[in-house]
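The two complexes that follow have subunit A in common; it is paired with subunit B in the first and with subunit C in the second.
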Partner chain A sequence: MRGASQAKWVVAAVAVALAATACGSGGSSDNSAGSNDSSAVDPNGVFSYQSGEPQRPLQPANAMENQGGRIVKQLFMGLVDYDPATGALRNQVADKIETTDAKHYTVTLKSGWTFHDGTPVTSKSFVDSWNWSANPANNQINSDWFSDIAGYDAVHPEKGDPTAKEMSGLKVVDETHFTIDLTSPVSYFTYKLGYSSFYPLPEGFFKDPAGYGEKPVGNGPYKFKSWEHNKAITLEAYDKYQGTNKAKNGGIIFRNYTAGEAAYKDLMSDTLDVLDQVDPTDLPKYKDDLGKRAVDQPQGAIQNISFALYNQEWNAPGKEKVRQGLSMAIDRETITKTVLNGNRQPADAFVAPGVMGYKAGTCGDACKFDPAKAKQLIQDGGGVPGNKITILYNSDGGHKEWVDAVCNSIRQNTGVECLGDPKPDFKTSRDLVTKKQVPSMMRTGWVQDYPLNANFLRDVYGTGAAANDAGYSSPEFDKLTKEADAATSVEKTAELYQQAEAVLAKDMPAIPLWYYKTSSGYSKNVQNVKFDSFGNPVYTDVEVKKK
Partner chain B sequence: MGRFVARRLLQMIPVFIGTTALIFFMVHVLPGDPVAAMWGDKAPDPVQLAALKHQMRFDEPLIQQYLDYMGGLVTGDFGKTLGNQRPVLDVITEALPVTIRLALLAFAIEIVLGVGIGLVSGLRRGKLFDKGTLVMTLLLISIPVPVLGFVFQTVFGQNLGWVTPTVQDSNDISQLVLPAVVLGSLSLAYVARLTRTSIAENIKADYVRTAVAKGLPRRKVIGTHLLRNSLIPVVTFLGTDLGALMGGAIVTEGIFNVKGVGNALFMAINHKEGPTVSGFVAFLVLVYLAAGLIVDLLYAVLDPRIRYA
Partner chain C sequence: MPDLTEKKDAGQIPSPREGAAAAAVAKPEKARSLGSDAWHDLRRRPIFVISALLILLLVVIAIAPGLFTSVDPRAGDLRAHYLGKPDYTNFFQADWFGYDIQGRSIYARVIYGARASVVVGICVTVGVTIVGGLTGMIAGYFGGWVDTIISRLTDVFFGIPLLLGSLVILNAFTSRTVWSVVFALVALGWTQMTRVMRGSVITIKQADFVTAAKALGAGTGRIMFRHILPNAIAPVIVVATIALGGYIALEATLSWLGIGLQDPTISWGIDISSAQKSIRTAPFALFFPAGMLSLTVLAFIMLGDAVRDALDPKLR
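Entry: the complex of A and B
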């Protein structure tokens, strides 16, 4: 009898244990109701956003990483910014920016703009800010963003101490006018001016940069309210804001989350309003959970694998056929859908969509999956050197799964041996890449600095460009980019760059794989949540519903 | 007694120096360059990289960095975080009160419930309550903490809506109850089992029989004689557990988004913030050492036969 009662307990225990696990995986399926897009809006309503602790003080040229960057972008506004929908440039503080030769620019400011402390935004606010940020002694991560401006070398010399504190290319004419001289023509320089490094700074900043980095004073749509370290940063709408994108809500709370899963749970119970990114665990089911409130759109970022063209066996004439063949052997559709949970979009060009100058299908047939043609091309090109490739990558960035999948695809479809070559962290792999010691292939990628195709082309494939990891050098490509840079309008530049992109499709220095996507969602408390190509929501457009 | 305490306190000094040195050098040999990492996936500008490294004194020999760090520590200067250049002491004092509240709450739950349940089931061993306790504690021990956390979060936060799924204000103690229950549940099971076994053993001891025979009331027999003597193994466990609760709550803090020591330590390790990691560990070492000392002293209180000379 005793034995029987013991057994009963075991059965009961197992039953309870199973019930507990079932609870965990069940979750809530009744939360998938779509949002009602026409609710009454509370213009003073505040919403919360999933964020993290900024890694650097909140100063314009220090906003490299996302956590601080997205906050600085709300606190400040530059001469120009990008239309979140099209990537087109629009004037903000600038009334007009004039140039005849793409080398000498005259900037005219609108009057009436003020910083959050009430002081006016003048030409000096911009010039002083840029000079201060360019000086390496001020420890700004993005201090090299001013390298186009004449006199940068004196302020930010490659060796030794700076010999000047001001760049000679910047001259204040009066309160609302200043001139910028560049060392050489850059037609899309105005595009660069939208980047956070080029924001103005109030006079008080220069007396106490550290204090202003902790309690920033800007000229953007939101003003700073509080920063509780590791907990939250709160901004409130600035009522005297002069720009075109005045906030339609009362403010934002950037709430600090360590684990994406926790933020997702909060979103599901409407405790958190807008998600930054859906965590990998919830990625397969977030569209079912959120229904209409799920966000899924491409970002201005691309993932490539590049060839080590500095190795002669990969650069020999005719090898471009092998490179194209390998690209055609990769089944991008299947890999993005399965291994990457639909969180990437197969690439059909070297430039990401949503970027000015993006032209669908520039990569042509080379980016289409075609195993038969792939084999043929590899054979025509004299085969893969050693009949084996390795793909170098850093194993701390979640790349292993897709690198293995790409290798499987190549191996199955062409018979070429393909192996992932993981390095423990980004720095180790980066060192090998910059020292040009990669045997055959490496993972490369590009996230836009500004939404113009030049940024994806010249800065990645131009001879000697800092991010040209492949060591690609084509006189034809360089000639076309030079022509494009010398064009007088940005539209013309973008068009000429498309011709340069066609050269890449022919030479295939890198295989475009896929574009990054924003996978996010929002709560039932807010509406009109849209994301830009940087992967950030258009904060000023978010509408908080009346309760 | 006084000499014993003094000796133990003196022993703490070499342990403290040794552990901080070990952590300082271990953080240093972690792969990756924390300064270059500030540029993310982009190539750093060499001029600015060198300037930043100089500011953070990474260009000095490692041993010099360590000596400066220890020198600062003696004067109460824990150094600065790498990215924001905030005093590490500020980071510690922000996270500490949260963790202390969470740990004490969990600790209280496991002592009150654990000892209580253990006592009752020890006295009624073989009965239904005892068997129920055995099954429940077995369950708690075998369910991993993250699973329990997610179950509680989904049931109480999402389905029932009694609380928000994560902690909204880490300084609000009422919001910390749910994470504290999760955090304390595993230890609760151990405490209950330890108490039960100890009680069940001691109840047959001679001194208990004597106490009953001389006509003491049942409450006094159990309270002063039985429970007090049975608590020695439990106290040993609780002592080390307090240290674990303070530093090892990384998983629970992550699930419930509690901004405590575990969370701060996790972030610091991720960013290779040498001074921050060392600062936290130095503090945790002190907690462990102090808890160990208190446990040793409690032995003497609980068992009159133990004396420290």
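Entry: the complex of A and C
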């Protein structure tokens, strides 16, 4: 590895020299944006990114929302992470993670990793971090990510006071070895380890967590530089970074924008370098505006409309035919192409593509547009209750257009009256959904936590799962997911989950509509901008052009 | 100074109104009431004629939209007509004004959208006139503590901004129809009418014919409704006519904000709101509902102006 990185430095040095000699000719920066001109890359160049003010301190298990989450992910690096192109797991701080029964894991760390303050990353950095984050006294929003680990109940009981401070399932063996014991086998646990909750923390953190939340010290490709509240957060490349994804640029400025239109205008004038997401107003034209600098990529997220199965009239035997029929009455192809500006991809499964275990066409005929069959199925199933459905959604998220289009599609193809039921904001609509007060249908969506199909299935359709908004409960589905969780390899788990997915296609607790795509763009100052399945750019790969 | 002489000459020619007045004097049996005098005056004014014709057309559209288009305003064909361009030569057909983001005929939607606007405008105006007129008359006629209570109550309601207040009221409705919007606007809009009516009644109350009626032993109800009301109502009618256009605009505003009318009711406000997102690619989707709204509001405001000129003797 050392040889490789040295070779890279030689190339960079030559590049710098070439760029320096080329400077005199002038006008070389007018190159077309799409071409990768390595001679003009400035390894210390800083680029700006459209972001927002993080809601919470920058602590690993506290960053659920995107604004803080994307910054924490650059500041820290866990045992493993996901390859941005394929979603495959790759070792970072971990040298290897071994298990024979998917219940007991032994982790071996690489040596040489350091935090930005110079202290080494050891087994203790991980174990202390996880115990601290799981502790309810520290009020970390993602603390339930540790619930698979033995002893979590004692540290973070659902009710009452904790009886322990440390999870019994975590044991430090030596500087570079520690063991993890789970309460029951979870074959894809290593997959979960890539999530930000499992990042290590330096020793200094535990003396002043609040201060470190303002000025975080991590072990990731970038180190923290400054945080001007409500304006910008600046990171700079960490030159002693040991991971495979060393930064190809000098740093990132996360600049706050409250209006997407403003960010887009700044991008057009090259004062902002990388856009987070093109705002809906500019979507129809952004590809024309940006040309090769426009980004249009699939994302690990799906949009569904779910049935309120807790209402008996929707859950009666035979109604699954009605639910399938409604799904077949929706012309996904046309709606994604027109109303959604080609910014979505029609769904053919309950799992998003680019995710491990995604199998094309699991939804089968039920996700294909067929008005005649749709009518027939609805009739066979005894018709839609009241011959009317309403689709609950939040009107602050740009959903109105497609909800109306879906309703038009259903009404015109089946004769069932369909109306959108907008609620003014996300919270109001979410409250009704979680209180199970939706009359017939609701908008639901799922963005992956980790790129494995289990995350799209068990966490959304399992009996009693937190995100099971439909109130779906199938013994067959639960049995299959349990078997899948008990498998000893991730591959086997993914395969068994595909069987569980087939049960969903039969029962249709929700109608998969389409997958999200990342619609973004970048300025003339940068190149090599790619996005991963989470919809985040691969920050470390961004190359800043010489001015 | 030829200009001056010309003006003088012009001044000597009796205007139609003066001519009419002279005629009325000449033939006392043809004496006209304030109402018929106003009507006589109105129908000679081009502004009134134009706005009245426009409003008549709108009312006909609102009552029988099927006469103007046979297209279903809710039927959309995304495949064929997504943001379809207008064909301006194809009069009164589905594609005359083009198609909106759901592939629905904008012409059909503009026609069907008139009903909600006209119904809201007229019902709110009638509602505020009745509520405001009654409270204003009671306050003005009885005076004293009754007046104090009603006036303070009016002040309280007057302090609530109409738009903000209706947002709050409409938020309480789970499903909103034309009637919930009418309710919200009447509940908050009556104060203006109360104030106008009260002022008008206080002036009329002191007139000799009221004293005469009292002296003859007429009851309170008779004095209020037979003697005061017909003479005090004119300013209320003027204010109400002008306000009507405002109520239509307000309904569109509320619908635009997503808190007014809802699907399946068709409203220009809803259409304006959904068209603004495609303003760069399909400006016509915004132009036609917005243009119809402006035209309607303008027609009512022009009518109100004409009526005011006719009814208010001070402006003559």
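Structural remarks
Here is the rule we go by: the second predicted complex is superposed on the first by the 507 of 547 C-alpha atoms of A that agree within 3 Å, B and C clash if a C-alpha of one lies under 4 Å from a C-alpha of the other, contacts with A are read in each partner's own complex, and residues count from 1 in each chain.
We adopt the following convention: a contact is a pair of C-beta atoms (placed from the backbone, for glycine too) under 8 Å apart; a residue touches a chain by one contact, two chains touch by 3 or more.
Bear in mind that the values here come from a model prediction, so they are computed numbers and not experimental data.
When the two complexes are overlaid on their common chain A, residue A:335 makes contact with subunit C while staying clear of subunit B.
By the touch criterion stated above, A:256 is placed in contact with subunit B alone, subunit C being left untouched. Of the two partner chains placed by superposition, only subunit B is touched by A:426; subunit C is not.
In the superposed model, A:165 makes contact with neither subunit B nor subunit C. In the superposition on chain A, contact of A:96 is made with neither subunit B nor subunit C.
In the superposed model, A:434 lies in contact with subunit B only, and not with subunit C. More residues of subunit A are touched by B (comparison of subunit B with subunit C). The contact surfaces that subunit B and subunit C form on subunit A in the two complexes overlap at residues 424. Residues of subunit A that touch subunit B in their complex: 9, 12-13, 16-17, 20-21, 23-24, 26-28, 53-57, 64-65, 136-137, 139-141, 143-144, 156-158, 210, 229-231, 256-259, 261-263, 265-266, 268-269, 271, 396, 424-428, 430, 434, 445, 447, 466-467. By the touch criterion given at the top, residues 74-76, 78-79, 82-83, 101-104, 171, 258-259, 262-264, 274, 277-281 of subunit C touch subunit A in their complex. Those residues of subunit B that touch subunit A in the complex are listed here as 31-33, 36-43, 45-48, 51-52, 55, 83-86, 90-91, 94-95, 131, 134-135, 138-139, 142-143, 147, 150-151, 153-155, 157-159, 161, 164-166, 168, 170, 253-257, 259, 263-264, 266-267, 271. Residues of subunit A that touch subunit C in their complex: 280-281, 284-285, 331, 334-335, 338-339, 395, 400-401, 404-405, 407-409, 411-412, 417, 419-420, 422, 424.
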